[in-house]
Amino acid sequence: MTEFTTWDILRNLLLATRWTLVLSLVSFVGGGLLGVLLLFLRIGRARIGRIFVKYYVELFQGTPLLMQLFLAFFGLGLFGIDVPPWLAAGTALILWTAAFLAEIWRGCVEAVVKGQWEASASLGMGYLQQMRWVILPQAFKIAIPPTVGFSVQVIKGTALTSIIGFVELSKAGTVVTNATFEPFTVYGFVALIYFAICWPLSKSSQMLERKLNVAHRNH
Amino acid sequence: MSLIEITEVRKSFGSNEVLKGINLNVEAGEVVAVIGRSGSGKSTLLRCINGLEQINAGSISVAGQPLLPDDKHLKALRLKVGMIFQQFNLFPHLTAGGNVILSQTVVKKTPKPEAEAMARRMLERVGLAEKFDAYPDELSGGQQQRVAIARALAMQPMALLCDEITSALDPELVGEVLAVVRELASEGMTLMMVTHEMKFARDVCKRVVFMHEGRVHEVGPPQEVFTKPKTEELQRFIGMVGEAG
Amino acid sequence: MHYQFDFGWVADYYPVFLKGIWITLELTFVATVLGVLVGIACAWARTQGPAWLRPLPIAYIELIRNTPFIIQLFFIFFGLPGLGFSLSGMEAALLAMVVNLGAYSAEIVRAGIQATPRGQFEAGSSLGMNRLQVFRHVVLVPALQRIWPALSSQAIIVMLGSAVVSQIAAEDLTFAANYIQSRTFRAFEAYFISTAIYLLLAIALRYVLAGIGSLIFPRRAVR
Amino acid sequence: QADALADIAARGTIRIGVPQDYPPFGSVGTDMNLKGLDIDMATMIGEKMGAKVEFVPVTLPNRIPYLQTNKVDLIISSLGKNAEREKAVDFTQAYAPFFNGVFAPKDVKIEKPEDLSGKTIAVTRGAIEDFALSKIAPPDADIKRFEDNNGTMSAFLAGQTEVIVTGNVHAAAILEKNPPKRPELKFLMNKSPCYIGLNKNEAGLKDKVNAIISEAKKDGTLAGFIDKWLHQELPADL
Amino acid sequence: MSLIEITEVRKSFGSNEVLKGINLNVEAGEVVAVIGRSGSGKSTLLRCINGLEQINAGSISVAGQPLLPDDKHLKALRLKVGMIFQQFNLFPHLTAGGNVILSQTVVKKTPKPEAEAMARRMLERVGLAEKFDAYPDELSGGQQQRVAIARALAMQPMALLCDEITSALDPELVGEVLAVVRELASEGMTLMMVTHEMKFARDVCKRVVFMHEGRVHEVGPPQEVFTKPKTEELQRFIGMVGEAG
C-alpha cells in the first residue's frame, strides 16, 4: 500500500481547493445575477413579484442548505434531468446565494434615506428614474461591504456539497483521511486552507465597512 | 385664476386628521409665509401641494390643472412646482453641478451641454459658481441648501415650496440662504414658505398664513397678522415665538 | 418521468422523524444557551477584559467565522481523539455548535455593548461599581435586549446548520431523513418532508424567540 | 420506456457508480486516482461494451438513489442483495465473494451477537451489514450509523466506537495499512456476495452485463481480479 | 482641611492641554458654581474630581484622602463624591426604584430591604415617591434627572458634582430640578455645579468659579463676580450670557 507523506496530503488538498474556488465563484456570480433580478422584483411595484420574492427568501433562508442540495440532487433527477453533483451543487448554491444577496441588497436600498426619494420625486422623476439615478448608485456603495462579507458564507457553503459527492476541498479531506488515518492533520490543513481563503475577504469587508462609516459621518 | 388653488383639502394619517379642510389661493408672483405651531400641519400642506402626500378630500390645482395622483399628472405638476426641504436632500453621490444637471437630463431630456450651461447659471445665481465640482459633503449646510435651490430653479418651476429651509442651519449660515430667497422674491418668483423666521416673513412676504390644528386660522398681510392678531391662538403663538427669538 | 411518488411509508417511519425533530431541537436549545454564554464571555474579554486577554477571543472568533462548520465538526469528532480527547457523536455535535455559535454571538454581543452610550458606563463607575459590576448590571441587559433579534436569527441559522451533524452519526432530523431514505429508497420524499419540517421549525422558532424576547424584555427598545 | 442499453450506445459512455472510500473495492492513491476491484470490474465492463467509462464516486447510502434518479447506469460498489433492495433495483449475477463480520481490537472480548450488548458499534448506514447487524444485535447495543465508510472507519480508528461492522476484505485492507487501532475479526455475520446493480426493467442491459460476467468467469479475468485485490481464489459457487 | 482640595491639576487630551494648573478648595457644606465658556474645561475638571478622567499632574484629595487611579481608591472616592450628568444616564432597563437600589446592593452590599427603604426615602426627598415603579422612558426629563439625584444621594456621598444638570431639559422642567438642588443646598450638602443658570448661581451659591481656557480665572462670591467682574474675559462672558438669558 502506498503511504501518504504530509506533502501528498497538502498537495491533494490544494488541488481540490481549485474546485472549491471554482464552485464558489460560479455560485457567487450566478447568485449575484439572480439576486439582482429578485431584488428588482422585491422592490418593484408589482405585488405578485414582491410576494414571490418574499416567500422565495423565506424558503431558502428557512431551510438548511444541505437539504436544498439533497433536493436539487435527487429532486431534479426525478424530473428526468440528469444532474451530476457539480450541477446540483451549482444550482442549489446559486438559488441559495441569490436569496441572501437579494435580502442584503434590499436592506441597502431601504437604507437610502427617505429624503432622497422625496427630493427626486419632487424634481419630477419617475420610479425607474429615481432608482436608476438616485437610489441604486447610493445603495450600491452601501452594499459593497456586506456583499464581500457574504462571499465568505458562500465559500463555506460549498463545503456542504461534499455530502452529495462533489469532490472539493472538504470531500478531498474526507477521502484523504480515509487513506491516511490522520484526521487531525488532514482536517487541520483543510481548516487552514479555508481560513486562508476566507479571512482576507472578511477583513476587507470590515475595512470597507469602516471606511464607509467614516465617509458617512462627514456628510 | 390663481396659480395655486387649494379647496377644502383634507388629509388624515390613519385616524389622525391632520388637514381639516384647507382653503387657500396663491397668486402668481406672490410670496406667502406659512406659520404655526409644531404639528399644525404646515409641512403636510406643502407636501400635498407637491403630490408627496395624497389628499383624502378636496382639490388642489396648479395653473388650472387639477392634481391627480397618477404618474403622468404628478410629473406635470412637479415640473410646475419645485420643493426645497429642511434637510437639503442633495444627492450625495453627485457633485453640486451633477445635482443640478441630473433632473434636467433625466426628466426633461435636456441635452447634456445645455443642462450643464443651465446648471452653471443657476449655481451662479445662488452664489456658488465656483462650487460646481464640489460634492455635498464638502459644502457647508448653507451652501448645500443653496445648491438645492439651484437644483429646483433649473427645472424652471412656476412656484417654489420651501419647508423650513433654514431650520437645519447653524445661525450664522441662515443669512446666506435667506438672501437668495429674498432675491428670488424680488425677481417675481411665486414662493410659499413654511418658516420660523418671523423677521424675514415680515420683511419679504406679501401674505402670512397662520395654521392651527389643521386649519388656516388667520390670513393677512404681515403688518396686520403680527401686530394686530385677531385670534387668541395667534396672539399666543406670536408671544411664544417672540420670547424665543 | 418514470418515478412514482410514494409517501405510504410515512406511517411506519414517523417516530424516526419525531425523534429527529426532538434531537435537532435539543441540540439547538442547549447550543444556543451555552453558545450565547460563550459569546458574552468573549465579548466581555474583547471589550472590557484585561489587555493580555484580548487576542485570545479575537483569534477564536476569526478562526471559527472563517472556516466551514462541517470542518469544525469533523475536526472535533475525528481529529481531537488524536489528542486523547474523545467525544460521542452527540457530544461532538453539541460542542461544535456551541463553539460555532459562540464566535458569532460574541460579535453580536460586542456590537450591542458598543452601542451602549458612554454615559451608562460613567454613571455606573461614578456610583462606585467596578468594571465587572458595570458590565454585569448596567451594560449587559440593555445590550442583550438590543441584540435579541440578531441573536434569534443566529440561533435559527445554527439550527439549520445543524443538519450536517448527521454526518457524525448524531441522530438529528437530517439523520432521520437519511435513515428512512436508506430503508425505503425514497430519497426525494424523505428529504422533501424533512425540508418542510425544518422550514416549519424555523418559522416556529422565530415566533417563540420573539415571544420570549417580549417576555423577558418587557420594556420598549433601548436606544 | 427508457432503454439504458440504447442510451449507453448513443452516448458512447457508461456511467458506473463506484466506491472511493472502501478498499480493496475502491479507494484513492496518493495521486487521488481510483483503484480497486470494483474499478477494475467497471473498466472491464466498459471495454467489453465498447463504451467509455465514467466513474461516479458513490457512498454506500446514496448508491441506490443514484441509480433510481438515473445518475448512473450501473452500480459496482460491493453491492449485496437483500429483499428490501430487490424491491427497488435489479441485480446481475454475483462477481465477488463477501462476508460481513464484527471486528474489534484484540482486547475486546466478543464471540457471538449477544456479546455486543452495551458496546458502541460503528456501521455504515444503508450498507448490507447495517441490515444484517440490525437483525442480530441485542437491543442495548449502541449502533452508530455513519454516512459513509470514511466516517465509519474514521470513527472506529479514532476510538469513537469499540466495534466496527464491515466486510471482511475491507477490514483486511485496513489492517494492511497499519492503522492506529487494529480491527480484528470477532465473528462473521453472513455471506453476502457482491452484485452489480441496475434499474428495474432494463433486461437488455442486464443480459449484456451478465454475459460479460459469465465470460470473465470463464476466461479467468475475474479470478485474476479476485486474486489481485482480495488475495483469494474465485469461489466455485459464485 | 477642605473637603475637596485641588492643587496644580493639569490634564491633556493628546497634545491639547485642557486643564492648565487648577487650584481650588471646596469646604464641607459649601455650594460652588462653576461657569465659563464652552470648552473652557468645566466638565473635565468635574470628571477629574470623580476619577472619570485621570489627571496628568498635580493632586486632588477628598476628605484628606488623595485620589489615586487604582480600583480600590477609586471606589472609596466615589463613595464620597456623587456625580450627576447632563444626560441623566438612568439605567433604562430598571425602574426608578431599581436605579436607586442597584448601586447600594452591588457596591455597598446593603441588604435588599434596607436598600429599598433607602430608595423610597430618597425618591420621596426629590418628590417622586409615587414613581418608584416607573421606567425611565415613562418619566419626563425633569423627573429622570430627579431620579438621578436620588440615585446619587442614596450612596450617602459627602459631596455632589453636577454637570449642567438642567441643560438637556425643556425650559418648563428646569425649575423642578433646581428646586431639589436648592433644597439640598439648604440642608448643608456640599455641591459643585457647572451651570448656565446665572440667576440660580447668584441665588444659591456661596462662591462662583469662572474658568477660562483651562484656568480658574476669577473666584468670588456671586454678587462680586456678577456685578463687578475684574477681568475683561469675565465681563465679556457675563455680557454674552446676559444677552442669551
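Labels A, B, C, D and E are assigned to the chains in the order they are written; within every chain, residues are numbered from 1.
Criterion: contacts are C-beta pairs under 8 Å (C-beta built on N, C-alpha and C of every residue); 3 or more make two chains touch, one makes a residue touch a chain.
From a predicted model like this one, the values you see are computed outputs, not experimental measurements.
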- Note on the structure: Any chain touching subunit D and subunit E at once appears in the list C
- Message: Tell me which has more C-beta contacts between its two chains, C-E or A-C.
- Response: A-C
- Farthest chain (mean CA position) relative to subunit E: D
- Note on the structure: Rounded to the nearest Å, the gap between Cα centres of subunit C and subunit D is 38
- Query: How many angstrom between the C-alpha centroids of subunit C and subunit B?
  - Reply: 53
- Task: Could you grab the centroid distance between subunit A and subunit E? Build each centroid from C-alpha atoms only and quote it in angstrom.
- Result: 54
- Item | Shared-contact residues (touching 2 or more other chains) in subunit D | 62, 65, 68-69, 147, 151, 154, 158
- Message: Can you list every residue of subunit C that touches 2 or more other chains, as numbers and ranges?
- Response: 3, 78, 81-82, 167, 187-188
- Message: For subunit A, give me the residues that contact two or more of the other chains.
- Response: 74, 78, 80, 163, 174, 177, 183
- Task: Just spell out which pairs of chains touch, all of them.
- Result: A-B, A-C, A-D, C-D, C-E
- Note on the structure: In the complex, the residues of subunit C that touch subunit E are 117, 119-120, 122-130, 133, 137-138, 141-142, 145, 217, 219-220, 222
- subunit A residues within the subunit B interface of the complex: 115-116, 118-127, 129, 133-134, 137-138, 141, 215, 218-219
- Would you mind writing out the residues of subunit B in touch with subunit A in their complex? 50-52, 71, 74-75, 78-79, 82-83, 85, 87, 89-93, 102-103, 106-108, 136-137, 148, 151-152, 155
- Item | Residue ranges of subunit D in contact with subunit C within the complex | 1-2, 61-62, 64-65, 68-69, 84-85, 87-89, 120, 122, 125-126, 130, 144-147, 151, 154-155, 158-160
- Item | Of all residues in subunit A, those that touch subunit C in their complex | 58-59, 61-68, 70-71, 74-75, 78-80, 152, 156-157, 159-160, 162-163, 170, 173-174, 177, 182-184, 186-188, 190-191, 194-195, 198-199, 202
